[in-house]
Amino acid sequence: MATESPPVSETLVRVNYSETDQMGVVYHARYLVWLDVARTELLRRSGTTYRDLEASGLRLAVSEVSIRYRQPARYDDRVRIRCWVREAASRKVDFGYSVEHAEDGRLLATARTSLLALDAGMALTRLPDHVRASLQPIPDPIKL
Amino acid sequence: MATESPPVSETLVRVNYSETDQMGVVYHARYLVWLDVARTELLRRSGTTYRDLEASGLRLAVSEVSIRYRQPARYDDRVRIRCWVREAASRKVDFGYSVEHAEDGRLLATARTSLLALDAGMALTRLPDHVRASLQPIPDPIKL
Amino acid sequence: MATESPPVSETLVRVNYSETDQMGVVYHARYLVWLDVARTELLRRSGTTYRDLEASGLRLAVSEVSIRYRQPARYDDRVRIRCWVREAASRKVDFGYSVEHAEDGRLLATARTSLLALDAGMALTRLPDHVRASLQPIPDPIKL
Amino acid sequence: MATESPPVSETLVRVNYSETDQMGVVYHARYLVWLDVARTELLRRSGTTYRDLEASGLRLAVSEVSIRYRQPARYDDRVRIRCWVREAASRKVDFGYSVEHAEDGRLLATARTSLLALDAGMALTRLPDHVRASLQPIPDPIKL
């Protein structure tokens, strides 16, 4: 049997002061960095590091982001980001995300992103087979 | 007759080094800051500063962002962000945006955001009448 | 005898993509966020959370930073930040830091920061006795 | 005889929301980005763009920063950053900075940075003669 990689990665971050704004909550653009970190972690658990992908000449560039903010995250909160593959095509991968308060489980945000495979010259290219094979889509575990 | 405020604000930024990433382009989360700056500028041209809104106890919190990245922005590029109101309800305002290269006019990104009116306790509230009146929606000048 | 808190905190971070710049290394301003996270961790291990300090009306505001960059940190590197108290006066605390590559121990940066105790109105104030008592200065473990 | 470039550059920025933190002021690390922008502007006025320098294979990497924060900057403030050359050696340039409130002239911060000339392989190298010649040091116009 093949080894199984978990279809959903879980990443924990603690909100630092630089992430807050004067509304007393996490500035909304900061969530996109968390999604990036979670996506990197999903790749890592799937057997691929993004660092190695780039070293081999491939780039995954964000082409679309949709995010819904539901509850604010606050300074020093522990936050859990879940990430999974929604769809993997030859040149494009769609990821889904949930962002939750790590202690009480409150849903803070949900998001979707699309990434395009680009070569070193920033032209659209095909994902290597082993990368695409490692990105197994699953149905969204929660409504996005 | 009433004074006319321009229905579309135009904001120029120059890409600084902190905004680039090792792909040699502007990091995608950074565009959300540009949208924020452009939205603030639209409010200012409509007769309202967000600073004053906050001082009066109102907050406009981002509840949704959708953004499509079309071409990369690069270090030292001059970038123009256009912003307009798509819809203004009693407690929610939707904005549209285009992000263009200021010299050659190439479209770099398009985006939509929804903002909710919150009171000082972060509860949903009504926009003051004069603010809502100043936020005149227009049809999208380009396809988002 | 009193419980002993460790005089040097150790914090691990992994470099994420947003922290890189087009030189292919971590953008220099980003290190200041790491110092902040390490300082928060030192406070936490000393029995004080900065979140609680702020809730009690106290702020610690950075008044000076001196940092020497020695070797670049790169994407996906694991980085260890050590933080200690250099001097604690009634209204001011000086911290020292080393930033190291977590795998090979290379020294990436050294830094010093001064923080002032401010009240809710941003006026200089005295540190509470229990906070000052918990901030025991030590000689610099490495040359800064 | 020689063309005169202004020995002190002046750069204006307006504080945006992403730059604030929950203390209600600009987060301290953000000033380093302003210094970077001001330094780039000084180079540009001296006849060199950093973009061109990099395209020619040279990098200027920050090796030291010392900054003193004197008064907080706040959301929507207009801030003026002055930048000048303190010393220019064959492989290293020292810059000085003042950060002021643009409307009332209050001094917000002063800073010094050192930058090293690196080649494309990140090894120490000599500044091109025309670049070094354009970087004329002046005595600090204010005490740093």
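Letters A, B, C and D mark the chains in the order given here, with residues in each chain numbered from 1 onward.
Note that a contact is a pair of C-beta atoms (placed from the backbone, for glycine too) under 8 Å apart; a residue touches a chain by one contact, two chains touch by 3 or more.
Quick caveat: nothing in here was measured; it's all calculated off a predicted structure.
In terms of the distance between Cα centroids, subunit B is separated most widely from C. Of all residue numbers that take part in the contact between subunit C and subunit D, over half occur on both sides, making this a same-residue interface.
Centres computed as Cα averages put subunit B at a distance of 29 Å from subunit D. Taking each chain's centre as the average of its CA atoms, subunit C and subunit D sit 25 Å apart. Centroid to centroid, with C-alpha atoms defining each point, subunit B and subunit C lie 35 Å apart. The residues of subunit C that reach two or more other chains are 17-18, 22-23, 25, 29, 33, 36, 54, 75, listed in rising order. Contacts from subunit B toward subunit D in the complex involve residues 16-18, 33, 36-37, 40, 49-51, 54, 75-76. If you check the complex, the residues on subunit C that touch subunit D are 22-23, 25, 28-30, 32-33, 36, 54, 59, 61-69, 72, 122.
Contact residues of subunit D toward subunit A in the complex are 17-18, 20-25, 27, 29, 75.
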